[in-house]
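Alright, structures below, take your time with them.
In the two complexes below, subunit A is the common chain; its partner is subunit B in one and subunit C in the other.
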Partner chain A sequence: MLEVAGIGRDYRVDGEVHTAIDALTFQVAEGELVCVVGPSGCGKTTLLRMCAGLLAPTRGAALVDGREVDGPPEDTAVVFQEYGRSLFPWMRVGANVELPLKRLGLTRAQRRERVAEALRLVDLEGKERVWPWQLSGGMQQRVAIARAIAFRPRLLLMDEPFAAVDAQTRADLEDLIRDLWARLGITVVFITHDIDESVYLGQRVLVLSSPPTTLRAEVHIGLGPERDQLETRSSPAFAKLRGQVWAEIQAAKRGET
Partner chain B sequence: MIVLVRKALLVLGLPSVLFALWWFASAGSTSFYFPPLSEIVAEFGETWTAERWREDVLPSVARLGAGYAASCAAGVALGLLIGRVRWLFHATEPVLEFARAVPPPVLVPVIMLFAGIGDGMKVAVIISGCLWPILLNTVAGVRSVDPVQLDTAAAYRLGRFRTLTAIVLPGASPRIVTGMRQALAIGVILMVISEMFAAQSGLGFAIVQFQRSYAIPAMWSGILLLGCLGAALAAVFACVDRAVLHWYHRQRTEEA
Partner chain C sequence: MSPKRSDRLNAMSGKRTHSHQPRSNRPRPRPVPPLLLGAAGVAAALLAGQVLPLTPLVNPRYFPTTSAVLAALADDLARAEFWRALADTMTAWAAGLAIAVAAGAALGILIGSLPPVRAATASTIEFLRPIPSVALVPLAVLLFGTRLPSTLLLVVYAAFWQVLVQVLAGVRDVDPVAADTAKSLRLTKWQRLAHLAWPTALPYLMTGVRLAATVALVLAVTAELVIGSPGLGHEIAVAQTSGAAERMYALILVAGALGVAVNLGVRALEREVLAWHPSVRGEAR
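The block that comes next holds the complex of A and B.
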């Protein structure tokens, strides 16, 4: 589904070339849920933007369904880190969620239906007529997630989507993502800096190094498909995986190879 | 209800006080140039007859409307283009800054050279002043649209047209409205000035005529009418602003 082949990105700051991502290579199979973790500023957002076709790589390429990404790929939804700024304040919540559906050739009733369903899934049922700026940060982020869900993408790219929500909502949203992923068979790339979250959500966790970033480690999470906030998180297997990812990130921060 | 009354008092309070001040201060005036306000008001009804409205006021307002509408259309369309196309922005920026800095009245004689002295000239004068604030504010507004919003539009492949109409235009609209507000004030001034140079009709023409024929109270009544016209246009503009940008104003008040 998604293939990242030696992708790298340099930024030019005050005339100096600064290598944010050196070279990354990994694959995400159809229907997989992969988490990407790494220290702050290691280039997670940069990686996501390159996969989403919003930023041209300096080296290498991202491929979706075997085709090189040179613009936003079809059937892909993105949830941005800056949730508040990705909603349009001149549209009500319902219109925000509906906007991407308008080019899908659905009838008005079908679009309404999808919007209502997506909002219900993120626990914002009946909030169509509310303005985004009347909502709390966590609620705004859930609108952004509802917009992605309503779009029914094949590939869902999420950039630290739960950073601004409280612990309880966060746990609910994590279960929601796993549930949607299992039911709809979509492919999910989930970026986070939260180690527990990556282990709880992912089938696989990719750990990035500090810049110039490379793929530091790949941890297979053999926790099985059924996960429970309480049981899974308190299981010894979870603790062991968590420790493994944690150690990799600590090593990444120290710049070890 | 009480809120409405308070608002009405607030809006009408200062003008009423000033009107009263003028009324009483000028009541005993014997100056030829500053007649009592009561005389001006009396003159108002006599001067601004139905015929004068038809011959002078309406043509003026029509020319203002035409010039202003053309400026809005051209300013927003060009502004969207220049704001979205990076090389075009860098190529036109210095020229636009220069054009903005030229005081519009100095262009009147120049425009008269090629546009004659008819309605076309007056509309052209109005456009020559109104276009720049709208154009420059639209460009600035388009360029200040949040990049995350543009990324969102791109990621969902909204397409050029929908991105422009659903994202860029509303995102830039607060600045566009600011430009249109500045342009309206400039437009009223230029409407009058263009009629002072060479005209057979219009508010500006009428006022100059009164002044030249020493019909001083009539001249003052014309100035009063101009002021009222400006205030009425500003009020209409405020209503449109509230309707179009209600999300913007409410967001600002509710977030504060």
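The block that comes next holds the complex of A and C.
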């Protein structure tokens, strides 16, 4: 589904070239839920922007369905951290979700049905006429998720989507993502700085190094499909995986190889 | 938000803050409503206008009493010439403003969304913009004589820059996250213009319209006064040269009332168009 092949990105400061991402290679199979974690400033967002076709890599490439990404790929949706800025405040919730459907050649009735369905999936049934700014932060991010899934993408890229909401809302949204992923069978790449979140959500966790960034480790999360905020998080298996990812990130911070 | 401001906002929206309502039998002295204070201010000014000319401080020949001015106003309101002059001024104002807003918005969006064009035009705009519209009076007279288009030229020139500069700033203000969102949703260029650039620039445009509406009125009256094209300004000049001081002041009052009406009108429009905007929806975030 998604293939990242030796991707790297440099940036210039005062004529000096800095390497943010050295070279990253990994694959995400169809229907997988993969989390990406790393020490802060390791270029997680840069990686996501390159996969989403919003930023051109300096070297290497990202491939979606075997095609090199040189602009936002078809069938790919992005959910950003800053939901308040990502939703258009001049459009009501329904219009926000409907916007990307307009180029699909659907009838008005079909679009309405899709919007209603997407809002139902994120537990915001019947909120079409509400303005985004009348909703809580968590609900706004749900609207952004509804907008992302309404045009039925096969790949969902999420950039620290829950970093700006409170802990309880965050737990609800995590379960929502697991639920949507299982129900819709889409591929999810989830960027986070939160180790617990990555272990709780993912089938696999990719740990990045400090810049110049490379892939430091890959942890398989064998926690099974059913996850529960209380039980899963207090299980010994969770603690062990959490410790493993933690150790990798600590080592990454110290710059060990 | 200061408590004073929130009280005022609540009063405006008809809401009441229950938390501060005194429950005892002795009501606290209520603050005087702003509308009442405003009316008191107007009344005081009118009274001063009535009393001052009766003292030796001012010459009633050049500064007639309020009652004389109001009488002249009532007289004018009954005359067809007055209404024709008012219509001429409003026509020049409305037509000039419409042209300026349409051209300013269209060119602003166009120049603003094409960075090379923006860079190429920036210095020219900065040079042309500060030219006082009144400096174009000789040109207007040369081109159109003392007819309506003369007024129109000055009005359009003054109002156009107000709109253009605001829209240019507005188009630049597109939020990068919103822009990324639009790109990742694969919106077409046209959709991005209609659903992202335009709504982002709209609050700026409305500011431009508000400024332009006032400036347009100033220039309409100025042009009529200086050039002698038909309208209120021309009537003021005529009243002055024929020594009808009362009528001159009456017409000045009318021009002032027009200015207030224009401002109120544009503010109402702003509230209507920008219902979603933080400045209008009234809740600080």
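In this section, the second predicted complex is superposed on the first by the 257 of 257 C-alpha atoms of A that agree within 3 Å, B and C clash if a C-alpha of one lies under 4 Å from a C-alpha of the other, contacts with A are read in each partner's own complex, and residues count from 1 in each chain.
One rule holds in what follows: contacts are C-beta pairs under 8 Å (C-beta built on N, C-alpha and C of every residue); 3 or more make two chains touch, one makes a residue touch a chain.
Since the model is a prediction, treat every value here as computed from it, not as a measurement.
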Here subunit A is shared; do subunit B and subunit C fit on it together or clash?
-> clash
Under the contact definition given at the top, report the residues of subunit A touching subunit B in one complex and subunit C in the other.
-> 49, 52-54, 71-72, 74, 76-78, 80, 82, 85-86, 88-91, 99-100, 102-103, 131, 133, 151
Spell out the part of subunit B that touches subunit A in their complex, as residue ranges.
-> 146, 148-149, 151-152, 154-159, 162, 166-167, 170-171, 173, 247-248, 250-251, 254-255
Name, in rising order, each residue of subunit A that touches subunit C in their complex.
-> 49, 52-54, 71-72, 74, 76-78, 80, 82, 85-86, 88-91, 99-100, 102-103, 131, 133, 147, 151
Subunit A contact footprint on subunit C (complex, rising order) = 175, 177-178, 180-181, 183-188, 191, 195-196, 199, 202, 276-278, 281, 283, 285
Which residues of subunit A touch subunit B in their complex?
-> 49, 52-54, 71-72, 74, 76-78, 80, 82, 85-86, 88-91, 99-100, 102-103, 131, 133-134, 151
